[in-house]
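Next come two complexes, and both contain chain A; in the first it sits with chain B, in the second with chain C.
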Partner chain A sequence: MSRKLWRKPMILIGCLILLFYMVVACLAPALVPNNPDEIHLDSLFLPADATYPLGTDFLGRCSYSRLIMASRHTLGAALLIEGIVLVVGVTIGGLAGYFKGWLDKVIISIIDILLAFPGIILALVIAGMLGPGMKNLIIAVSAVHWIGYARIVRNMVISVKEKEFVTAAVSLGSNHPQIIFKHILPNILPFILVYATLNLGLLILNIAGLSFLGLGVQPPTAEWGAMLNEARPYFRDYPALMLLPGAAILVIGLAFQLIGEGLRDILSPRASQLGLEKRILAELEE
Partner chain B sequence: MQIVNYKKSKYLSLFIAAVLLVTLLLSGCQKAAINDSPTKAIKQELVIGEQFDLVSYDPSKNMSDFVRALVFNSLVEIDMDFKKSPGLAETWTMSPDGKTWTFQLRKNVVFHDGTPWNSEAAKTNLKWLANGSGKNTLAAVESIETPDPSTLIIKLKKPVFTFDSDLTPPFMSMVSPKAIDEKGTVTAAIGTGPFKLVSWQKDNNFVMERNEQYFAGAPKLTKLTFKVMPDAESRAMALEAGQIDLMSGREALTAVQRLKTNPALKIVKKMGQTSELMFFNLYKAPFDDLKVRQAVANAINLNEMIPKLIGDLAEPPVNFFSTAFGKFLNPNPQMPKYDLQASKALLAEAGWKDSDGDGILEKSGTKLKATLSYGSNNTEDKLLCTAFQGALKGIGMEVDLRPMDTAALKQALEKKDYQLIMVGQWSVPHDDPSMHYISGYWHSKSTYTIFTSPELDSRIDKLAASLDAQERIKLHQEIQAEIMKNTPEMVIFHRNNVLVMKKNIENLNPSVGTWQIFRGLTQAEIK
Partner chain C sequence: MKSYVFKRLLQLIPVLLGVSVVTFTLIHLAPGDPAHFMLQKTGAEPTKEALQALRHEMGLDLPIWQQYLRWCEQILQLNLGISIKSGDTVLKELLDRLPATLELAASSLAFVVLVAFPLGIFSAMYKGRWIDQLSRAMAIVFGAMPRFWLGLLFIYFFAVKFHVLPVAGRGDAVHLLLPTLTLGLGMSANYARLLRTSLLEVFSQEYVRAARARGVKPGQLVINYGLKNALVPILTAFGMSLGQLLGGSAIIETVFSWPGIGKFALESIMNRDYMVVQGYALLMALIFVVVNLCIDVACMLLDPKTKKLQVKQAGGGK
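Our next item is the complex of A and B:
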């Protein structure tokens, strides 16, 4: 399996990009030549030079330093939200799929209701109600993204639970936790992983999108989406101010897409082996 | 099979993405092909890119403020330089008790539909306004008499010494009595102004033609086409491409800076009547302390920030109000000076020190923190607030920015739900700024009660009741000095009215009154 993994150039490229971003985010404070938030009114819109590797923005702040520091906020928020929705979504979806009955009915109706709204709109409404700020942005995006996990996990658990090896485990006297953690979870985990990777790219887009609309981090904190928004009025004159954070978002989104799709290609045969229905794979694509 | 399809579609989407990218890049390179047309007889026609649609025909309600003065006149008007001037009334007198106002109306004036302008038409309008938008302004009116067609006598229940100025706002426009139906609805925009509205396509354009019979002389321009373009950047691009001839610089921060350098265009600007203000909340810590307020005022270098960040759209603060209010202003205003040392010293005196070395000051365990609320769709304020945040960090104050939409900002201001708040000054179209104190910000019965004191109240009350012009001016100056001494606000900038136009347009000046920015079109011509 692991050898197969590295033979896929898509995954390899994706992982390299991701690794690069992670290293940059971790080492950000050491990589920035200037204080990213410091305003210099006497050096607005400077071109790139030795002091400012990518020039300065509309408040004379170092564009390079801001771009680098922003990686922490965007990636940090994305990983945090991913963690939250993974736990919440898998737990709720797993419970619904495993125990079925009225619990499943209640959960699936809630999911269906929430799915009736386009995700970003729902996040927008929640973020709008809570007001701007990073904390509220995390709440808003998490509140939308657990739904996808819950639905997929529920469907997968239902399929896997009907397999012979689960029946065998039940007849051998395994209790619920044993069945869940030993037999069901390990089988669906790779698929959750694929979904999580694809979802991370989407999360970054959502975070940047909400920040772009002014609902995310507040100035002076640098964040790619917020940087895009701030630089919007200057696009005609200083396009680099918008293109750089835009490119940063594009490339990391691409990286997650490459990894996610590569993993899915590898997992496809396994999915049919497990008898997972095609529609689950189709759902991963969404 | 599915997988094969999927791979194909992947290449297809990559291809489409590449095509889109190339299109995007190319569209950026494209320059306007149609520029100056070959020399013909110069048509006196202008195409104007305007942010706001007409909205309705009713100048007393929601018709766009910016074009009312082209179609309508009021009894008394504010001219291009913000001086009270005759409108449809030629002269007027106030009785010594301030309760009877006699207006001599302009003769031989007709509305665009041919209806004559006379005292009956004025009475119809005032009665209509008294039941509508002019309810507050005309509340004191007891009776309206029309002894002859060109004389209008208005009797008031109580003295109103600024009654003539009260008649100047754009919503007090005189409409042809035939254009007002029984329900009080205005069915067509028919006034006496220099231009007639000839067509209106909602959200698209509205067209005006000159009024040959305009009492102050017909304009040179024969036709004005206003194209509705809400986005400043689209207006700027249309101007660069030659699709429009003129635009207002309103809410076009970056566009104006770029257009200024375009050799085919020119800009004209004039300080308007409104200012941008930052209020302190005096009812809550830490700004209940005068020293902290003064420290903030001393820490922000507006004389550097405004020209660098806002450019031509504003001027650094010079007085309590914009210079439009000339004679009412204190000739020697005590404006806060940028002085970091003084600012830090004031905070130290107030008991704030950095005891834990994190760069943020503390006082008895509380950090020096504040929130700064501003309008999220106001590009200038957003930029300045970020700059203020940086400047205040320099004196050890941590500022959290609170962007809000217009309604939320107004509500925050009303409910005092702010620590620092940046707002545009209420722009009363009135040559006397008394209303700002009385019902605006500075009287204990005003809407926002930013700062009040018994002494200030008594001076404002005295001003409201005073008839003597000299005394009024003195009171104005005392009130301003008293307010400024207590630093409840910072004047951030005075807003300029800016017009950007093609070089061949002559004699077009912006007016001081923001709402009548296009009024200069009456004199303009194309050379």
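Our next item is the complex of A and C:
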């Protein structure tokens, strides 16, 4: 499969964009010419020049430095949340699907209840109740995003567990951890990874959206959504303040979309072998 | 059929109970004493008496399970509490703003139908040609586009730069245009792709190929076989994106100063008007659940076969 991956130009382009963002985020402190949070009230809304490659914002801060530093906060939060929901969702969904019975019933009921709320609204009200701040935003978004993992992993585990090779392993005397880690997990891992990749794009949009509403990182910290929020009173006269952070989100979003489209083409035949294709795709549409 | 509806209604009871627990818990997520915060927001540091009065009114001085029962009792009497900011009941405040939100959701939906159906049908009929590529590109780009940014771009280009449309606010149909486009564009591309997929699925069936061989025109194929089959997945997807319409509108309403329920909820969050936020979550969940129930029933009417399967696999619903 890995050779097939690289033959898809969409996946290649998407991965290159992602790589670029990751490098920028890692090297951010070395890349910025100015302190991104330093206020210069004597140089507001400057156009681009040698000192400020993209000009300054409404507090005289270097737009370029802020744009670069923001990558750390948006991507960092997205990766952290992805890690949390991956562990929580896969564990809960896996337990439900593997052991079934009352545990499954309880978990499914909790999921059904949480799904009664539109996801965006649940994240919004949790973040709102906890109060603005990056930590609370991470809690709120995680509280919503584990559900998708749990549901999809549960369904996958159930269908894999019915396969003959698992029955064979059971009758040969394998214990639960052996079955889970040797037989079930390796079979569903590719799909979990696909889901995780695509979910990361969604997470970035969610984080930026909540920050845009003033619920994420607090000033003066730079984050793309928060920068758009700050730019709102001024973008009519200084559109660059609004264009650049938005474009930064759009481009990384595009990277995930391209990877997703490519992976979809590759994985569809294999997924349908396990009867999973439609479920995964439907889950991703959400 | 009747037994199906009955079964679904029964399934609803535990979900609604759970929704009530989650909504009730929300207020306890607030850091510190919610009553204290709420009073602080109205002005100076609250007096002890005022604080106690409010705590008592909100039932915060009771043990938690009694608080919950009291709250449920109030909810069943349609009492969602009082908005600290305005002094009106939360229910009235929310219902006053609901029409604006529904108006925006309805016009976005109309836009989606008008764009997605032709786009999806032609993408399927001319698979691989430019219109198919266009709808694919649209789905990719709008899937990556932060909606609030799209809204800001629209405001900048249409209202500020070229002065062709009003910047924000609610009024005549022109005011609806930009928020509708912002909400609807991404969704219509998604629906077009969905429609295309299910049409292609139908077209590959043997009875359709046979019909084509008999000389049935492509347009008739779409209408007679394709759309009928595509309706169930489209309706189901609509149930899901209703959440997007309701929830996404909070952001879009803020961007366009649209006086709807989402913008109000957000203002209430900023004002720490907790009862309003709680009421908002409850109302949205109710709308979401009821509409999805109706959609499930509609799907069942359209295609009894698929739905029977879905009832069996619990949790496989939306």
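To be clear about the criterion, the second predicted complex is superposed on the first by the 279 of 286 C-alpha atoms of A that agree within 3 Å, B and C clash if a C-alpha of one lies under 4 Å from a C-alpha of the other, contacts with A are read in each partner's own complex, and residues count from 1 in each chain.
As a working rule, contacts are C-beta pairs under 8 Å (C-beta built on N, C-alpha and C of every residue); 3 or more make two chains touch, one makes a residue touch a chain.
Computed from a predicted model, the values in this text were never measured in an experiment.
Legend: residue contacts after superposition of the two complexes on their common chain; A:182 is shown touching neither chain B nor chain C.
Of the two partner chains placed around the shared chain by superposition, chain B is the only one that A:219 touches, whereas chain C remains out of contact. Contacts of A:37 after superposition: chain B is touched, whereas chain C is not reached. Ranking chain B and chain C by residues of chain A touched puts C first. By the document's definition of touching, neither partner reaches A:135: not chain B, not chain C.
When the shared chain is aligned, chain B and chain C each come close enough to touch A:236.
After overlaying the two complexes on the shared chain, residue contacts for A:59 are found with chain B alone; chain C is out of touch.
Within chain A, the residues touching chain B in one complex and chain C in the other are 214, 236.
By the touch criterion stated above, chain A contacts chain B in their complex at residues 37-39, 41-42, 44, 58-59, 132, 214, 218-220, 233-234, 236-237, 265, 268, 278.
Looking at the complex, you find that chain B touches chain A at residues 2-3, 233, 236-237, 253-255, 257-258, 301, 304-305, 308-309, 376, 379, 382-383, 385-387, 389-391, 400-403.
For chain A in complex with chain C, the touching residues are 105, 108-122, 124-126, 128-131, 151, 154-155, 201, 205, 208-209, 212-215, 225, 228, 232, 235-236, 239, 242-243, 246, 249-254, 256-258, 261, 279, 285-286. Residue ranges on chain C touching chain A, taken from their complex, read 14-16, 18-19, 21-22, 26-27, 29-31, 136, 140-141, 143-149, 152-153, 156, 160, 190, 194, 237, 240, 242-244, 246-248, 250-251, 254, 265-266, 269-270, 274, 277-278, 280-281, 284-285, 288-289, 314-318.
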